[in-house]
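Right, one structure below, let's go through it.
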Amino acid sequence: MSTPPKDSPTAILLVSCPDRPGIVAALSAFLYENRGNIVDIDQHVDPGEGVFFMRVEWELDGFAIPRENLAISLAPLAERFEMRWDLHFSDVIPRAALFVTKENHCFYDLLSRHESGELRMDIPLIVSNREDLKPVAERFGIPFHHFPIAAGNKAAQERAEIALLREAGVDLVVLARYMQILSPLMTEAFPHRIINIHHSFLPAFPGARPYHSAHQRGVKLVGATSHYVTEDLDEGPILVQGVVPVSHRDTVQDFIRKGRALEQTVLSRAVWLHLKRRTLVHANRTVVFG
Amino acid sequence: MSTPPKDSPTAILLVSCPDRPGIVAALSAFLYENRGNIVDIDQHVDPGEGVFFMRVEWELDGFAIPRENLAISLAPLAERFEMRWDLHFSDVIPRAALFVTKENHCFYDLLSRHESGELRMDIPLIVSNREDLKPVAERFGIPFHHFPIAAGNKAAQERAEIALLREAGVDLVVLARYMQILSPLMTEAFPHRIINIHHSFLPAFPGARPYHSAHQRGVKLVGATSHYVTEDLDEGPILVQGVVPVSHRDTVQDFIRKGRALEQTVLSRAVWLHLKRRTLVHANRTVVFG
Amino acid sequence: MSTPPKDSPTAILLVSCPDRPGIVAALSAFLYENRGNIVDIDQHVDPGEGVFFMRVEWELDGFAIPRENLAISLAPLAERFEMRWDLHFSDVIPRAALFVTKENHCFYDLLSRHESGELRMDIPLIVSNREDLKPVAERFGIPFHHFPIAAGNKAAQERAEIALLREAGVDLVVLARYMQILSPLMTEAFPHRIINIHHSFLPAFPGARPYHSAHQRGVKLVGATSHYVTEDLDEGPILVQGVVPVSHRDTVQDFIRKGRALEQTVLSRAVWLHLKRRTLVHANRTVVFG
Amino acid sequence: MSTPPKDSPTAILLVSCPDRPGIVAALSAFLYENRGNIVDIDQHVDPGEGVFFMRVEWELDGFAIPRENLAISLAPLAERFEMRWDLHFSDVIPRAALFVTKENHCFYDLLSRHESGELRMDIPLIVSNREDLKPVAERFGIPFHHFPIAAGNKAAQERAEIALLREAGVDLVVLARYMQILSPLMTEAFPHRIINIHHSFLPAFPGARPYHSAHQRGVKLVGATSHYVTEDLDEGPILVQGVVPVSHRDTVQDFIRKGRALEQTVLSRAVWLHLKRRTLVHANRTVVFG
C-alpha cells in the first residue's frame, strides 16, 4: 500500500465469491506484479454464508494495465475464484436523480453537499409526483420533472420515468422523502441502485406514518433507516441507521422535527458510501466498508 | 422551592388527572400554606389524552402535616381534580426481588449498584428457574429460591413465587434477563411493579432470539428496551431504550456481547428511575420525569 | 394546565430569582386568578447557586390582563421575589441575522428549516466577511451584506454591522460557521443573543482548526458545540453538544465531513430552543427547558 | 480466507512498517504457501505518517510451520519490510492484574465479564492502595494485595508491585478506577500494557475531579476515555471513548452516577480489544481493528 498523490485517478474493484484460501494472495499479487499501488483494501468473510467480500482501490498512474484492458486481464482470476465483481474508476462521476415530494430537508441537504463537493456526483434531473419543490430545483438550476401519480397511471408514469433516467445516463436514484411506493418495474430497472430513507428504525414501524406509530407506542428513541430499495417495501438491504432520543414531552410534531435532522444525516451518509463504492449486497444484507 | 438539607426525608406525590386549569396553583398553594419546602416539581400534559401529570417532592422536616395524616389532608384536592395519586416517602426503602436465569451481566450490575448505594433498595431474595447463578447470590449473601418451570407447573410455581414475594414484602420485581414468560397471575399481582429488559429495540424483534433476528435482518444498530411487564409479552410501557452500533463484521455472538453492556445500562437506569418514583403510566405509555 | 387550541397566541415568561418557598404557588395563583390557561410550565433549582428558574407559557385568549398591561401587573410579584424576567409573545416573530463565511452546510440547513416553517423567524439579512455565499443568499432572496475584515478595520466594520442589525430590528445573530472572532463591541451589543457553532466538543479543542487537533490527538469521537457568544472566545454558555464516532481510518478530511452533519444538527437545535424561548443563562451555564 | 472450525487455535500477527508496495502480497503469499487459513485480516495506512499496519489471524491447524519456528520463518519478510511485529496465539491466555481503589462498578463489570467468558484472561491478583474492595476480591476468590501509598513511599511500593506482577506472569494491568498516578517506573515496566479509564472525554477535563469541572463548565454531554497509560498523565493513546447526555437538572452526583455505566462500558470494551490483539500504537495514537 502507499499514500496516493492527491487526485490521481484510482480503480476500485468490488468482489464477492465463495470463500476459500488464496484469494487475497492472488489478488494482491496480481496488483503488485502490475505495479498497482494499493491505496485502500478491505475484506470480509461472512462465516454463515461462506462468502468472501473485498474492496480494493489502487492508483491508475503507473499501473501496467490500461483501464480498457482491465476487465479482460482480471477474467482468469475472476473465473478461478467464481467472483462476482464490479469495477469503477474514481474519475468517472456517477449520475444521480433525486426523487422528492414535498418535504425539503433531505433534498436541500443533498443539494448543499453536492454543491460543496462532498457528494461527488452529477444531478441531471429531479423527479417528483408533486410540484411543491419545483422552485427549489429551479433555484439550483436543475431540470424538474413532474410525474403525478393517480389511480391506474403508476405503471405508465414509471415507464416514462425509466426512459427519462436512461436517456440522462442515470445510474443512481435517491428517494429523498419521495412519498410513493415504487413498483417492480422501477426496482428491477435499478437493482441496488435506488437508495431510500425511511423515517423509522426498521424493522420497527414500516409503512406509512411511522412517527405516529412510534409516538403511539411510547418509544424513547426515534430512528431513521437508509436502505436499497427492493420489491418488498421497507425490506431492502440496510445501509445506515441512526436514532435520536425522545421523551414523553415530545408530540408527534416533535418526533417529526427531531427526525428530520436524523433523516438527512442518515441519507447523506448512505449516498456518500454508495458513491465511494464502499457497499456490497449479499443475501439482503450489506457489507459497508466504511 | 428550596435546596434540601442533605438527607432530610422527603415526600413524593405522583398525580395524574384530567387536565384543567388550577391544578398547579391548588397543589403548590396547599404545600406552601403547610410550609412544605418543594425540592423538585415537574409536570406534563398529554394533549392527545387530555391528562395532566405531576411529580412533586418536598421536605418533611418543617412540614405542617404529619405524614400519617397526609393522605387524609390531600383527599379534598384529590377529589376536586379527580386525581389518581401515589404517595411515597424517601426514607421508606423499596424491597425488590431479582429474577434471573443464567446470564450474569444484568444481575451483577444491579448487585454492584446496590452495594455502592446507587440503587437504594433492599433485595430480600433472588428467584430463578435455574440454579446457574445460585453461587452469585450466595456470594452476596442473598437468599436464592429455585422455581424450576416445566410443562404444566407454571401456574403452581407462580402462585408459590407470589406467596414468597408477598411474605417478603416485595414491592418491585426486576427481571434481570429472566428467560421465562410471566403469566397474568404474576403480572396482575404486581401491576407496573415488574421491570423487564428485552434485548432489542422494541417493537422491533419481540419474542425469542432477537439478536439472531437482528443479525439476519442486517441492522446497523442493536437495541435494548426496559419496560413494565403487562399481560402482553414485550408490549408493556417503555421506560428506557438504548442502541449500540454494529456492522457487517459483527457475528451474532458479537451482537450478544455488544448488547450486554447496553442491557445492563438500560435496565439499571430504569430501576433507578422507578426507585426514585420518577415514572407514571398512562395509556400504555410512560411519563418519565428524568 | 390545558391543551391549547391550535395557533392561539401565548405569552412566555422566563424567570430567575433567589430560590425561596412560594414562588410556584404565587405565580400559578396569579395566572389562575387571571384565567391564564397554562400550556407549559417547567422550573428548576440550581442547588449550588441557590437560584430558581421558571418558564411558563399560557394562552392569551381569555386571559384577563391585556398584553400591554402585563409587565405592570407582574411588577409586584417580580419585586417580591427579586425576579429577573423576560416576557415574550408567540405571535411576535424574532428577527435573526445569519453570519456566514464560506462553509455552506449550516447556512443551507438554517435556510431550509426556515423555509419549511420549523424555525419560526424572519431573516432580514445575511452578513459575511467574504462573498463566497452571496449566490446562496440571492437564491433565497435575502439581502447579503459584505463586510470584509482586514487588519485594523474590525472595530469600524463591527460598528457598521451593529448599526445595520439595529436598523433591521434584529434580535438574534446566528454565526453559521462565521470564521471571524467577534470583539466585545458586538458581544456586548447582543448579550446572550448571539449563537455560535464550534466544531469540537468544548472545552476540548478550542480555537482554530479543532478537527486537525482532534485528529492529532487520536480521539475516537468528534464533537460540536453550540453556545452563546461572550467576550471570552469559546467560553460562552453551552446550549447543545453532540458527537459522532471516528476511527483510525478517518483522515482530517473525514473528520471535517463527518462533523458537518453534526454541526448543522447541533446549531439548528440551539436556534430552535432559543426561538422557542426555552433557554436561560446563569453563571455562564444554561438552563434549557427542552 | 475461510471460516474457522470453532475453537481451533489461531495465530495473530500484528505488523507495522514503513508503507510500500507489496506488503499485503508478500504476507498473504507467505500464509497461502504454508497452508495458513486466514480467518481475519485487516490493514491500514496512515497517510500522514507513511506507516502501514496489519493484523492477520490464521488457523494453526494445518499450517505448515510449527508455532515454535514461526518467528524464525517470518524473519526474512520482517527484515525486508522493516517490520515491527508481535505474534500471539489464541490459546495462550493473557494474565491481567486489576488495580482498584474504592469505586466498585468497573471492578464488578470486569469480574462478571471474566466469569461469563466474555473477557478471556486469567486474573491472578488484585492490587489496591486501599482495603475497601478486599471483600469483593475475596468473594471471587482472587488474591488481594494492599499497597498503601503515602508520602515518599510510591517508588518503593511500585517496585514491590512490579516484582509481584512479574512473578505472577502478568502481561496486562487494568486500572479499574485506580486513584493513584503511576510513576515512570511502572509505565516503563509495562509499555502499552496498562489500560486506564479516565472519567471525562479527554482531552477535556484531564486530572482530578473531571465531573466537577464538567458540571462547572455546563457541558451537555459527559464522557469517558480508555487509554494506554504513558508517562504523561491522561495523554496516552486513546482506545475507546463514549459519552452520555446530561442536562441542567443533573447535579455533580448525577454526572457521577450517569458516568459510571459509561466508564464500565468503555473500559470493558478497551480490555476486550486488547485481549483480542486488535490494537496497535503509533505516534501516540491507536489503530483499533474493531
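The letters A, B, C and D name the chains in turn, as written, and every chain counts its residues from 1.
The definition used in the following text is that a contact is a pair of C-beta atoms (placed from the backbone, for glycine too) under 8 Å apart; a residue touches a chain by one contact, two chains touch by 3 or more.
What you see is a predicted model, and the numbers here were worked out from it, not measured in a lab.
Remark: among chain pairs B-D and A-D, A-D carries the greater number of C-beta contacts.
Seen from the C-alpha centroid of chain B, the farthest chain centroid is that of A. Annotation: 42 Å between the Cα-based centres of chain C and chain D.
With each centre defined as the average position of its C-alpha atoms, the distance from chain A to chain D rounds to 36 Å.
Across the assembly, chain B contributes 47, 249, 290 as residues in contact with two or more other chains. The touching residues of chain B, when paired with chain C in their complex, are 1-4, 19-25, 28-29, 31-32, 35, 37-43, 45, 47, 50, 52, 245. In the complex of the two chains, the chain D residues touching chain C come out as 44, 46-48, 201-205, 217-221, 223, 237-243, 247-249, 251, 284-288, 290. Touching chain D in their complex are the following residues of chain B: 103-105, 107-109, 111-113, 115-116, 118, 139-140, 249, 257, 260-262, 264-265, 268-269, 272, 290.
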